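Let me begin by handing over the structure; questions about it come next.
Per-chain numbering from 1; labels A, B and C assigned in written order.
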Amino acid sequence: MDIERRLADLGLDLPPAMSSPPGTAIPFSWVRVIGDRALVSGHGAVDPDGAPSGPFGPVPSGVSLEQAQASARRATLAVLASLQVALGDLDRISAWVVVNGFVNADPGYARTTLVMNPCSELLLELFGPDAGSHARTAIGVAALPFDLPVVISAEVALHP
Amino acid sequence: MDIERRLADLGLDLPPAMSSPPGTAIPFSWVRVIGDRALVSGHGAVDPDGAPSGPFGPVPSGVSLEQAQASARRATLAVLASLQVALGDLDRISAWVVVNGFVNADPGYARTTLVMNPCSELLLELFGPDAGSHARTAIGVAALPFDLPVVISAEVALHP
Amino acid sequence: MDIERRLADLGLDLPPAMSSPPGTAIPFSWVRVIGDRALVSGHGAVDPDGAPSGPFGPVPSGVSLEQAQASARRATLAVLASLQVALGDLDRISAWVVVNGFVNADPGYARTTLVMNPCSELLLELFGPDAGSHARTAIGVAALPFDLPVVISAEVALHP
């Protein structure tokens, strides 16, 4: 695999890796590497200047399904940016393990799986059907940091 | 252990293993096996024809505590069905590790642990107190796929 | 490390380890040890008599940000109390891996990371910047057991 070339082939730029959100000290790690596992903190969409990126709000009253899907895809790029910085090279990832999708949702919004599909599809496209596959849970939550529409956390396995 | 015999002794039939929900391509794995771990995606109750199974809605305004508990038990059977297909044999499970219960709940509903107890009790009944025990978190969420009352994800450990 | 001495140096007392919440049988483990990993069930703040500890309710309509932060810190002490009982000695922890913060939040409450910071800061203070660091997700949920303001689950790595 050469994930960075695949990103380029798809015309995708990674955003800046997350640092401290504005006004917040960060007493945790965006990526925690333990043995052959890397655990990824919850990430949302990030602007080119590193700030949380809108549109903001719950789906569907604040953002549309399509906007939430775009936010999920951009959150996935933010996850990849943090992994690239933490691992040095995205090719160190041997397999995706779990992806957790937290969707800022109005009560009873029943389409949270659709919101998360662009995340899963991008991982499959970049890493292929074996390494890119993952267990997934997509739930609708009452509130997310910065009122982001989608936050994604994950676990990946690393080559020894 | 012979989990399939215990299921039969208890008069329990597993539902069909999850495939694509109606109208949704599935870009993830219902069960992801990585080394001696199997990670299970979020599952809800499943009908005999493989469709998400009602009653639907949040507890307590849409479904009662008892209905949500029945949905949690049926979601557990769906988890077992997916594990059986992915592993070939449920006896490959050496231990349950974590169970995450997501309860479709009205704001402030304080009895999410009670909703999830039938899931935990079934696992203990089937796998015994050592292998069946697990860490658990039971939270109330704003929205779940298909407006299911309960979605359950999990991790199990496998015999080498 | 000598975590218990650091707790004493900071003037911190651990609450009693969780047993069954009032009126509820507990069909799960507060801490599940699997190989060199320990998985911690969702814990909230605990009173000296072992009962769930108030104030209760969502942030900000039921409790203030400051009250929720205090509850997060006390939930962290409850996690440590359960780990101490399960492991015998907190020095068996080689590293924190993941911390999941579930904040009982009004819809759209955008400061869930601030609620969870006292948890992360306490872990860093006790275990130091290497062992104490962790991946983290902080989400706002619709409902938590006993209407607690904060519930925290975690995974730690253990010395062999």
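Everything that follows uses one rule, which is that contacts are C-beta pairs under 8 Å (C-beta built on N, C-alpha and C of every residue); 3 or more make two chains touch, one makes a residue touch a chain.
All values reported here derive from a predicted model rather than from experimental measurement.
Trainee: Once the Cα atoms of subunit A and subunit B are superposed, what angle does the rotation have, between 0 and 180 degrees and to the nearest 5?
Mentor: An angle of 120 degrees brings one copy onto the other.
Trainee: Between copies subunit B and subunit C, are the contact residues mostly the same numbers or mostly different, with half as the line?
Mentor: different
Trainee: Measuring from the mean C-alpha position of subunit B to the mean C-alpha position of subunit C, what distance in angstrom results?
Mentor: 25
Trainee: Where in subunit A do residues touch at least two different other chains?
Mentor: 106-107, 141-142
Trainee: Quick check: in the complex, which residue numbers of subunit C touch subunit A?
Mentor: 95-99, 103, 105-114, 117, 120-121, 123-124, 133-142, 157
Trainee: With touch defined as at the start, can you tell me which subunit B residues reach subunit A in the complex?
Mentor: 21, 24-25, 27-32, 34-35, 39-42, 57-58, 100, 102, 104, 106-107, 141-147, 151, 153
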